[in-house]
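Next come two complexes built around subunit A: one with subunit B, the other with subunit C.
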Partner chain A sequence: MDTTIDVKAFAPSGATNGYRDIHRKIKYESELNKGFKNRVAELSHGEKLYSCIQCGTCSAACPVSHYMDYTPRKIIQMVREGFKSEVLSSSTVWLCASCYACTQECPKGIKITDVMYALKREAISGGIYPKRFPSAVLAGSFFKQVLSFGRNSEGPLLLKMYMKTNPLMLFKNMKLGFKLWKTGRLSLKTEKTCKKGDLKKLLSDIDKQREEVTL
Partner chain B sequence: MRYLYYPGCSLKCTGRSYEESLLPVFDELKIDYVELNDWNCCGATAYMAVDEAKAFAIASRNLALAEEQFKNEKEINIIAPCSACYMVLLKTKNYLDSNKFELAKIKAALRESGLNYEGKVRIRHPLDVLVNDLGVKEIAKAVKYPLKGIKVASYYGCQTVRPISTFDDARDPHTMDDLVKAIGAEPVDWPLKTRCCGASLTGIVEKVGLPLSYVILNEAAKRRADVVATSCPLCQFNLECYQTNINTKYQSDLRIGVVYFSQLMGLALGISPKKLGMDRLFIKPEIVYKAVKGGETVYV
Partner chain C sequence: MFSTNGNNTPRIGFYVCHCGHNIASLVDVEEVRKYVATLPGVVVSRDYKYMCSDPGQELIQQDIKENKLNRIVVASCSPLLHEHTFRVATEKAGLNPYFFHMVNIRENVSWVLDNREIATEKSKDLARAAIRRVFFHKPLEKKTVPINPAVLIVGGGIAGIQAALTIANAGKKVYLVERDATIGGHMAMFDKTFPTLDCAACILTPKMSAVKSHPNITLWTYSEVEKIDGFVGDYHVKVKRKPRYVIEDLCVGCMDCIEACIYKEAKYPDEFNQGLSKRKPIYIPFPQATPMVVLFDPETCIDFKSHRCKKTCIEACDRDAIDLKQVATYENINVGTVILSTGFQTYDAKLSPQYGYGKFPNVYTSLEVERLVNASGPTGGEVITRDGKRPKSVGIIHCVGSRDEKSHKWCSRVCCMYSLKLAHLIKEHTGAEVYNFYIDMRTPGKGYEEFYDKLMNEGVHFVRGRVAEVTDWAIIPEEEQKLTIRVEDTLIGVVRRIPVDMVVLAVGMEPKDDASEIRRLFNISCSNEGFFLERHPKLAPVNTFTDGIFIAGACQGPRDIPDTVAQAGAAAAECLSLISAGSIELEPNTASIIEKYCSGCKSCIPLCPYTAISFKEDIKKAYINEALCKGCGTCVAACPSGSILQNLFEDDQIFSEIDGLLKFAGIEPEKKEVLHA
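Entry: the complex of A and B
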């Protein structure tokens, strides 16, 4: 639902300067997505979202929480309340580096990192994630590469990622790339598994199983 | 006992010197290993973010391959040196062990590809194998050139010790420090042993990633460490290769060598730096070379 109000309608004619769009800052309860918490709990294997006591240990343990739109503690509460679009489009899930500090320290034993993974998957499948945010693009490119070759080749992977997100970074990191290449630590060769079809078949079987379940 | 060695993608590329140093150390210590045939990527953190069922499936293929290759052995121990590989394989194993429904699905899919998974594998980290299987006493006995007077900041990174690994303490791990002591060096007592290095963020979202690496390096330098030892290819990459960027950003003059713990062990065991892949380092830990037998080049 669009909560933006076009104030130009209220402005005196010709005096649009100085007016800006006004947004309603508070959501009505009817706008929340009630099923969201169950969906997330299901995706993260019944993670005990409901037993979170909002102590904030996760946010304190998280090394990047101060860069996030919402800290991990807030995200959990927002999931429980049903702020689906806010949670899925936030930078939080894509800044999580999977260091598992929150999972380690949570006094209620909630695997918060796995909740973040569940949110990442939900954001990708629903198409609501920051499109050019590098972590999301990296995850996608990585997925495709392993799907086709069985292994991940760091050189081509990074090249693709930079081309898709910010080609300027390529120039910025050229010196580093050259140094890596000189020391034999960067190769543009694509690594492969020998029995290539093997893995593809395995994954298509997983797809088949999923179709059966949804049927 | 024979081990299966699962290198993972990084150890064949940016983290080559980890493999190049770990395997000669195993040879020197008479640890018998063989590489897993036709292994595939573990899936790392990225795969889990896109499709969970597939992430578990590709990781479990490695476990099934291990069972096939070692079907005549009593125990199947997979050594996974990369933190992410170690954690992902362990997570997959635990997931399949505790989730009968998913296990049946994955088993069925594996069977279609002619593979079988019984759940007999154990996932091991090299630190675990060296300290708990071989023992620090054995290692100390094999040391030819103790690294006297060298202060080492052992940096374990995140996924080696948490959240499901059990071989070491998750908050104050000690296995790498034990090894450092065994080779005659001095472990630095510091609080950031398991702090996140920024992982893939350092390269792609610099604003968030660089400060994390900076904090770790700065603390190590403040505690007068001569060198930082790591057990993860991504930690090594972030802490070493971005030091120039960090110095520019924070107007600092950090210049601290970041090496694999296996490289330090190799030096103490008398293996030449070249054989340990140390000429691939951006910052050569000259001070460590000097400490080995008073600076003489005595390597075999």
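Entry: the complex of A and C
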């Protein structure tokens, strides 16, 4: 429903600098997803998020909230009110460093970090996450690597992340990488477990069990 | 040299208090003590750490006995705090307590100054003024008046009911006067009570019938206090009993007359159901009305208008209880104390036109919704909008007529909680999406925050923002046939348009329209907003500035049922305390007329805020009723012939105090005496 007004049309001829597009920001109820809060509450075993009193302790405790487009408090309110697309495309969930400060401080016992994880999963499964955002890519690659090899190998993980996000950074950090490799701190070898399929089987069994429980 | 008003030469004892560090840290108390010792008439001058402590008081008593002191001056804190303490101590030592005088060197000196030298000087000045003043003090006697043990309670809501039952159970006579045809007040209209969700009627009606059947309670409904005069312990009250055109003692509430009314269909808006249902010209306010007596509405009854009705109601009544010629009667009673529990009214939502009350049929006030969700309400408990639909979404707008400079500045205190309750009930009855639009959520009370948490977990939406408008103008198809609420969700930071089927306005509490007339009738004060004013907001919350008149419930300010009941209990206890004492002591700082000089000009009479002055027609002189006089001194200042005297504030007392205070008078005691003489 967002309409963008081309303000340049109203601007004096030639003067386009300083005129930003004006967006209509009003929110209609029909644009909201009413079932979203229940879905998130189930995922994060976080039915407690209904109890949020919007005190803002989470945002104040968060060490990275000042980089986020929506603070954790706002995210909770938006989840409750059904602002699904805004929440899933926000940088907040990907900036979350999982330090658990918010969960520790929350006066209502809401597991905010778990909510953030739930939102990450929702975003990935819905395919609406920022594709080249480092932490999102790192999380995705890490998960894929562990799932297929049973172990995490830092060297290949880093390579993958840089290639997907910003290959230039690879050259920039090459000197440091070389030093780390020389002192044995970084390996380019891919580590594996003996029975690398076991983890996959374990996780799928858990998923199956969880589905049975929810059914 | 000095007039001492008696045979005894003044022998003054002066005591300056350190008050821990409160005074001594800024005032050089030793210097004050030494200085006062040099003043004429002072026999003893001491300083002590805490004069109000037992040893401090004993010090005074001992000195009175040993040094034969006959005047006491204490320089310490405010007389409001300890004047009584020291007067009692003085009296215990055998001296008339009004020979004691107090100087405030804490609130007036050490707490407000920051220079030690100035503070000490000011303390000396004040002490000197007091020393000069007590020369002219006279012994005064407290007057006692007996207390009539009967109590008048005005207003039969939950506050009046609770107070009446408490006093009646203590064995005292109560007159309960209610303006409406039934007691119960607003509480009787409510469906459930927060946060426990007890049914309001289930907890109220037993109390209502207890009032009706209590041998110590005389219940006069459909009555108003016409006139009251007298004073604490002895009020004379005239009560007007409005005609209900039905003889109360004969009617048993069988309602045959209502059935027989020539109006087959009920036609007129029912006040109790907030106009959501209809009643006949002869009716009973609601099924549990107390007393269970029908009444006529002369405005709508045909016979009152045209005198040509067949009067089928009279035929139907086999007890001959209907008397269409009934007129108002008057009862005169004497009581000792009065409790005012006249309650509140809700804000008129039409005064906030942006919410469309009265314009859109599906905009309701909270009181209407209380009736709507009630099982004995107009729809039998079904939440159905005025256009006959069951709402799928409901918006509850908080703070309508509260926290708004355009209507009322105050927070009405109960709206957040009753909005939560209504949200719960509406959700329970209809399963609708319920939105609460609030500015701040205020849930201070036992179990209240927990109730808020419960509502959040029930999935009720809480949108923080004050609604700008309710409109039927649809922008998108989903808003067609709906009322759209436009609000900023300040927690998210976007403006939202929310279409709903029903809007509930959480209207605030305001003083009754005629609160100021009641105030004048009972000679009490109102605060700025128009609620009755308590004597002290913390320490005398049910007392008024008129002795023997107490206030309880929402007539004093917005409050919920638990607080109202607690306050009613407190007011009842205050009455019982006076009754139990049997008599009351009056402060003797009253004014009196010197008849010899009074010219009968009557200029003092309208000035008295306590209506204590009357005019004796036979001798053409003014007369002051000492029981009513509060010693404010207005008449004393106004009297053109100087013929009014006020105890403790007589001319020589005040002038010598001023003399003592003025700098020139005290620089050297010897010189001062010359000047004064």
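Definition applied: the second predicted complex is superposed on the first by the 175 of 215 C-alpha atoms of A that agree within 3 Å, B and C clash if a C-alpha of one lies under 4 Å from a C-alpha of the other, contacts with A are read in each partner's own complex, and residues count from 1 in each chain.
In the analysis below, a residue touches a chain if its C-beta (ideal position, glycine included) is under 8 Å from a C-beta of that chain, and two chains touch if they have at least 3 such contacts.
Please read all numbers here as calculations on a predicted model, not as lab measurements.
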Handout entry: subunit C versus subunit B on the shared subunit A, clash or fit after superposition
Key = fit
Exercise for the section: Mind working out whether A:210 is in touch with subunit B, subunit C, both or neither, as first, second, both or neither? Expected result: first
Practice task
Mind working out whether A:188 is in touch with subunit B, subunit C, both or neither, as first, second, both or neither?
Solution key: neither
Fill in the blank from the handout: subunit A contact check, subunit B vs subunit C, more residues touched by chain B
Practice task
Could you look at A:174 and tell me whether it touches subunit B, subunit C, both or neither (first, second, both, neither)?
Solution key: neither
Practice task
Look at A:163 in the shared chain and tell me whether it touches subunit B only, subunit C only, both, or neither; answer first, second, both or neither.
Solution key: neither
Practice task
Check whether A:67 is in contact with subunit B, with subunit C, with both or with neither, and answer first, second, both or neither.
Solution key: first
Fill in the blank from the handout: Shortest Cα gap between subunit B and subunit C in the overlay, whole Å, is 22
Practice task
Would you please give the residues of subunit A that touch subunit B in one complex and also touch subunit C in the other complex?
Solution key: none
Practice task
Using the touch definition up top, name the residues of subunit A that touch subunit C in the complex.
Solution key: 1, 25-30, 34, 37, 47, 50-54, 73-74, 77-78, 80-81, 83, 108
Practice task
Under the touch definition given earlier, write down the residues of subunit A that touch subunit B in their complex.
Solution key: 43, 63-64, 67, 95, 97-101, 103-104, 111, 113, 117, 120-121, 124, 134-135, 138-140, 142-143, 146, 150-155, 158, 161, 165, 173, 176, 179-180, 183-187, 191, 193-195, 198-199, 201-203, 205-206, 209-210
Problem - Of all residues in subunit B, those that touch subunit A in their complex - result: 9-10, 12-17, 38-41, 43-54, 57-58, 61, 105-106, 108-110, 112-113, 158-159, 162-163, 170-171, 194-196, 198-201, 203-205, 207-209, 212, 241-242, 244-245, 279-282
Handout entry: In the complex with subunit A, residue positions of subunit C that touch it
Key = 433, 441, 453, 456-457, 459, 461, 463-464, 475-476, 478-479, 489, 491-499
